[in-house]
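Pasting the structures here.
Look at the two complexes coming up: chain A is in both, with chain B in one and chain C in the other.
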Partner chain A sequence: MTELLAKTACDGLLSVTAGPFTLSEEPVAPLTSLMPYKGRDKALSAALEAAHGVKLPGVNRSTSKAGISVLWFGRGQFLLVGAGPDGSLAEHAAVVDQSDAWARVRLEGAGADQVLARLLPVDLRAASFKRGHTLRSPLGHMMASVTRTGVNAFSIAVFRSMAATLVHDLKTAMEGVAARG
Partner chain B sequence: MRLANRGMVDRNAPVTFTFDGVGHSGFEGDTLASALLANGVRLVGRSFKYHRPRGILTAGSEEPNALVTLGSGARQDPNVRATQQELYEGLAAQSQNRWPSLDWDLLALNDLAAPFFGAGFYYKTFMWPKAFWEKLYEPAIRRAAGLGALSGLNNADTYERAFAFCDLLVIGSGPAGLMAALGAARAGADVILAEEDFRMGGRLLAETHEVDGKPGHLWAAGLLDELASMDNVRLMTRTTVTGAYDQGTYGALERVSHHVPRSRAPLECFWRIVAKRAILAAGALERPVAFRNNDRPGIMTASAVRAYANRWGVSPGKAVSVFTNNDDGYRTARDLVAAGVHVAALIDSRHDGPDLPGVHVIKGAQVCDAAGRKGLESITIRTHRGEEKLLTDCLAMSGGWNPTLHLTCHMNGRPAWREDIQGFAPVPGMIPGLQAVGACNGSFSTAACLREGAEAAEDALEALGFKPAALELPQAEDDPFRIAPLWSVEGKGRAWLDFQNDVTVKDVKQAAVENFRSVEHMKRYTTQGMATDQGKNSNVAALAVLADVTGRAIPETGTTTFRPPFVPVSIAAMGAGAQGKGFAPQRFTTSHKASIERGAPMIEAGLWYRPSYFPAPGESNWRQACDREVKMVRETVGICDVSTLGKIDIQGPDAAAFLDFVYTNTFSTLKVGRTRYGLMLREDGFVMDDGTCARLGETHFLMTTTTAAAGEVMRHLEFVHQCLRPELDVVFTSVTEQWAQFAVAGPKSRDLLDALLDKPLNGPDWPFMACGPVTVMGVKARLFRISFSGEHAYELAVPARYGDALFRELLARAGALGGGPYGMEALNVLRIEKGFITHSEIHGRTTAYDVGLGKMVSEKKDCIGKTMSERDGLIDPMRERLVGLKPVGAVKQVIAGAHLFEVDDAPVRENDKGYVTSVCYSPTLGHMLALAFLKNGPERIGERVKMVDHVRKIEALCEVVHPIAFDPEGGRMRD
Partner chain C sequence: MRLPCPICGERDRREFYYRGAALALHRPDPDAGDEAWADYVHLRDNPAGVTRDLWYHEGGCSAWIVVTRNTVTHEVLGAELAEGAR
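Moving on to the complex of A and B:
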């Protein structure tokens, strides 16, 4: 039997560099949307901690441990990254596979926040958007999830189908900032 | 004329440039204006209306005359202010609004006809004949009047937009701005200091004042070094704050690379700066005085003349005279004398002005005329003794200062008149969170600027919750500002107020005579203040003249409205990022590449790109491909990517109850493993969307929406849940992007799937509308037996990563069965043959009843829109209702968008009976076919109507038929 070959969302698009900035595709990881049912947030958090070692984060925050993280992903929604969901979670929340739904990229380099400032109408200053902070915001014309993963590193996700536009927009911003020297 | 040992240009770095093709040289640190003056170039442009020769008036962004075009071709950049443009090696500037040349301009004839061209001339003159306005007068006037021109080519430059956030935004880097920034920065606040100029320091760079015992510019440099070393400070030069908006948002234009030869960097960046507090320290603009021929090249504002001398080491003339109504003008004379420039005279309109050693001061005198058409040669001075001429090649005039308060008025605040400075000044609170300090607040001495800046920083820090840091006030001059108003000098001839739009004192008076007495009416009648400088140099003087002729006081007369932007902002900068591919996101399916490889032209469906058709060898047009693909699906098997349809995962104990509420029909009765077609109404009772919904588990559904309405439906579900039925325990997750989904349609679809799937399908388990999990080549997949083609068909969904591979595999297998891919054109034909609706039919103005699905609105339960859909007007049989049409006359064409009439009726609006929504040529039936809405349509099957396309002038006789033209029993898709 032949095999269906898997392709990543940014297949053939990345990585690209401009000046100090590098844009690369995040490694493929299981992504699961968790939407707790009525009044089940605490139970879900406990189940998550028992199964994966991480609790539910607050609004605009993420939690992580040993390569597994949970991002706040919008109203009443969380994204479990890095591990397939334990069966116990489904008791408390709608558990939906999103591993193929998002194009996820990593932007790195000194001044990466200035690249994002070309597209993202939110306050990314280090004091207000620290490592592990996450948000949902328009990025150019796309609805994105943005997480600070380091002093000069961000993880960005948009709909898979928009991968080419994501790369185009970020590359343009990277080149514009880099060209200022 | 360059002065020795003065100014801040780098004399070791010469720069060559051209103006109208003539080579010149300047130094690094020069603006184009200072370099032109250094080279003795005084005539730099022609005025807008009369094409009068004009020279440089100012030294800043308010410049009305010295506008030039830089570059050529696609990168041509018109209306660049020479006073702001930094010199760079190889810069090539062209003058504007002249033909054939700046020196010899044919349209200067307009100037001779000036008596006819006063205010209101166009309105009165070009009234008759009416038709001539659009065809003759307006084009001719537009050609004659004007500034620089765009190239007409696609813009080759790149532009940026960006966002910035701070605790305190300081606008302007003169003494007030610097103190404010330093105070806030030392206390730890995040500060953005925005300066329009390429060098910070404001008037300190142009004056010879000492601050803290040092020359002002050196004091500023020391302070800027400290600011630059701080992490919490962002210094933004070449950045003009252009507007104040809600909630502490400010627009700002950064000229990123206008000052260097074209590079890869963006030309401009349009910033949106969000600041918790703002301090406006924008300084003030010096006013000219209106007198006859005060627009001669060589007549400048006094502050500009000494700025050129002090900052750039340039004297604009060899024998300079000064005309002032205030003490400030004396500074120009004093600085020029110190620089060794001959000052011919200082004319003070006041009788009580001070004396100035070494300068011939004429008190109680006015300049009433100037001579020298292309460059000032002499002025006429009027005293009580009479008039006398004075030879001079540069006149520095000062009519006082206007605080640069524009930003404070951007939210509709009105400034207050101050007698002591004879100017308008802001009042507190005009922009929430913004405080005006220094000259823009009407405080003109250096000491006052420093003090107000420091105090404002303290106020801001307190509001922000910071503890103020120690800040010592440096010593500086604290001279009083003494002025006696002088707006215009009496006399014959034209005295210019608005240099950029050629508005004179006489025009303003004429406006008042014709009863345009309100300042807003006067402005529009004369066009004063309506040019690109937006009246920066003229509006206070013009309204003072208006006040005088109408016998009112200036505060009573009031100002016109200051609106953003403060300086012209290119549309390219505001729309930055939207050029080319930045215009809108492109959404590509996983099969995009494979479809392109097969030569499929793409059409846009919302943001998605979908294949229109797949051309085969020998086919020369889309219809051939489309007909073949339709036939292929009807006879063998076709593959179509349907991933773009919205897919919403719905889970929760109350999922079924929720669906019963949003769909018109019932879903709680749907069995697990089955799919049902559903119809959704808006709250007003009209159809919102349709699609299938599958029950994957007891509390787990998968809703399908149309491609176009995916986002709208998701939003609708959230609204219904959050606002109308919050008690229901249900959640929604969009899975549109998670799954790549392909229609496998046609009589051989089952054969294809049986061979492809890891286990062949067991017939009885897979009736029409069944759904369930399958595996394909080891990959977990979902299969739905649904059909949008009317054939025996399936939709197979796999995680998107396998989409490309599965599509190619499906095409290979379909090909072996005589089938292949089909595109949107064939998909549309297939569904029209079957009478399936799309948003062409459910376009927002049709009800379930109209589209023939009235019975789908369940009587057993309530649903969104049900009550409203039962309104009398919505269930009237005479409504336009869905039917099919086929042409039966000589004309065989039916056109979407055409209207329907009775055969014998005139095709006029009153007789309109309906309209056509979808058409196709049906290769299956061998004729054109349409879906249409016709009054009482379903009762008129078999009758004839007339289709009229008024745009294309096509009429066709049509027979009304049932909307389902092919296989009305549906046997092909069920069996």
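Moving on to the complex of A and C:
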């Protein structure tokens, strides 16, 4: 059989820099969507804590511990990042592997919120969007997940097929903001 | 125009897809008769004033919501999840 080469979503596209901004690909990690069955949120949260040490976050929030994080990912949906799902989770939620379905990038640099302000119709400034906050909103026309991971760092995910568009849009915005000095 | 998603909070209109009158939530019984079904499928009110519409938060949390708004003043009066709305 032909030998297939594993490639990341942004292979050959990243990283790029412009002014104070750096865009790089997030390290490859297992991604799993968790969709709790009706009324099972608490049970799922307990199972998550027992198996992975993290609780289920509230709306527009994320939880993380020791390299494993859980993002709120939409109505009734969460994304487990950094660990394969423990079997016990399937008792309380629909558990689906998403590892190769998303392109995940990391935008860093002082004023990174100004870069995202050019692309998303939400307020991502530190006053209202703090470390650990997450949301779903369109980046350009792509349904994105955005999480603040640091003072000047954001983690952004879109469908894998849109990786090149994501990088292009972010790079253009980075250069635009950087050019203003 | 901004819509108050019951889950995400107030968001820009571009995140939402417009479906139409919230009448769609009142689906008649399968044997309700031709008149009721023709009404449900084809007839819509065109109110000057308060109206209830179905919107889909496709750019955000993916919830279907019912937004109450005023077509005369353009006021958005509120929103609720379609799941609990009638």
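Definition applied: the second predicted complex is superposed on the first by the 178 of 181 C-alpha atoms of A that agree within 3 Å, B and C clash if a C-alpha of one lies under 4 Å from a C-alpha of the other, contacts with A are read in each partner's own complex, and residues count from 1 in each chain.
Quick note on the criterion: a contact is a pair of C-beta atoms (placed from the backbone, for glycine too) under 8 Å apart; a residue touches a chain by one contact, two chains touch by 3 or more.
Just so you know, these numbers come straight off a predicted model, no measurement behind them.
K.L.:
Considering only the touch criterion stated at the top, classify A:Val122 as touching first (chain B), second (chain C), both, or neither.
P.N.:
Once the two structures are laid over each other on A, A:Val122 reaches both partners.
K.L.:
In the overlaid three-chain picture, which partner chain does A:Arg160 touch, first (chain B) or second (chain C), both, or neither?
P.N.:
Touch partner of A:Arg160: chain B, not chain C.
K.L.:
What's your read, chain B or chain C touching more residues of chain A?
P.N.:
Counted on chain A, the partner with more touching residues turns out to be B.
K.L.:
Quick one: classify A:Thr172 as touching chain B (first), chain C (second), both or neither.
P.N.:
In the superposed model, A:Thr172 contacts chain B only, not chain C.
K.L.:
A:Ser137 in the overlay: touching chain B, chain C, both, or neither? Say first, second, both or neither.
P.N.:
Touch status of A:Ser137: second partner only.
K.L.:
Please indicate which partner A:Ala43 is in contact with in the superposed arrangement: first for chain B, second for chain C, both, or neither.
P.N.:
neither
K.L.:
For A:Val59, decide between first (touching chain B), second (touching chain C), both and neither.
P.N.:
second
K.L.:
Quick one: is A:Val16 in contact with chain B, with chain C, with both, or with neither? Answer first, second, both or neither.
P.N.:
Neither partner.
K.L.:
Jot down the residues of chain A that show up as touching in both complexes, chain B in one and chain C in the other.
P.N.:
Correct list for chain A: 77, 121-122.
K.L.:
For chain B, which residues count as touching chain A in their complex?
P.N.:
Listed in rising order, the residues are 158, 160-165, 190, 256, 263-266, 269, 272, 274, 577, 581-582, 584-590, 607-608, 649, 651-653, 729, 731-739, 776-779, 798-806, 809.
K.L.:
Could you please specify the touching residues of chain C with respect to chain A in the complex?
P.N.:
7-9, 11-12, 14-15, 57-63
K.L.:
Using the touch rule from the top, collect the residues of chain A that touch chain C in their complex.
P.N.:
59-60, 74-75, 77, 121-122, 135-138, 143
K.L.:
Help me check something: in the complex, which residues belonging to chain A touch chain B?
P.N.:
Per the stated touch rule, the residues are 1-9, 28, 33, 35-38, 76-77, 93-94, 96-102, 114, 117-125, 127-128, 140-142, 159-165, 168-169, 172-173, 175-176, 179-181.
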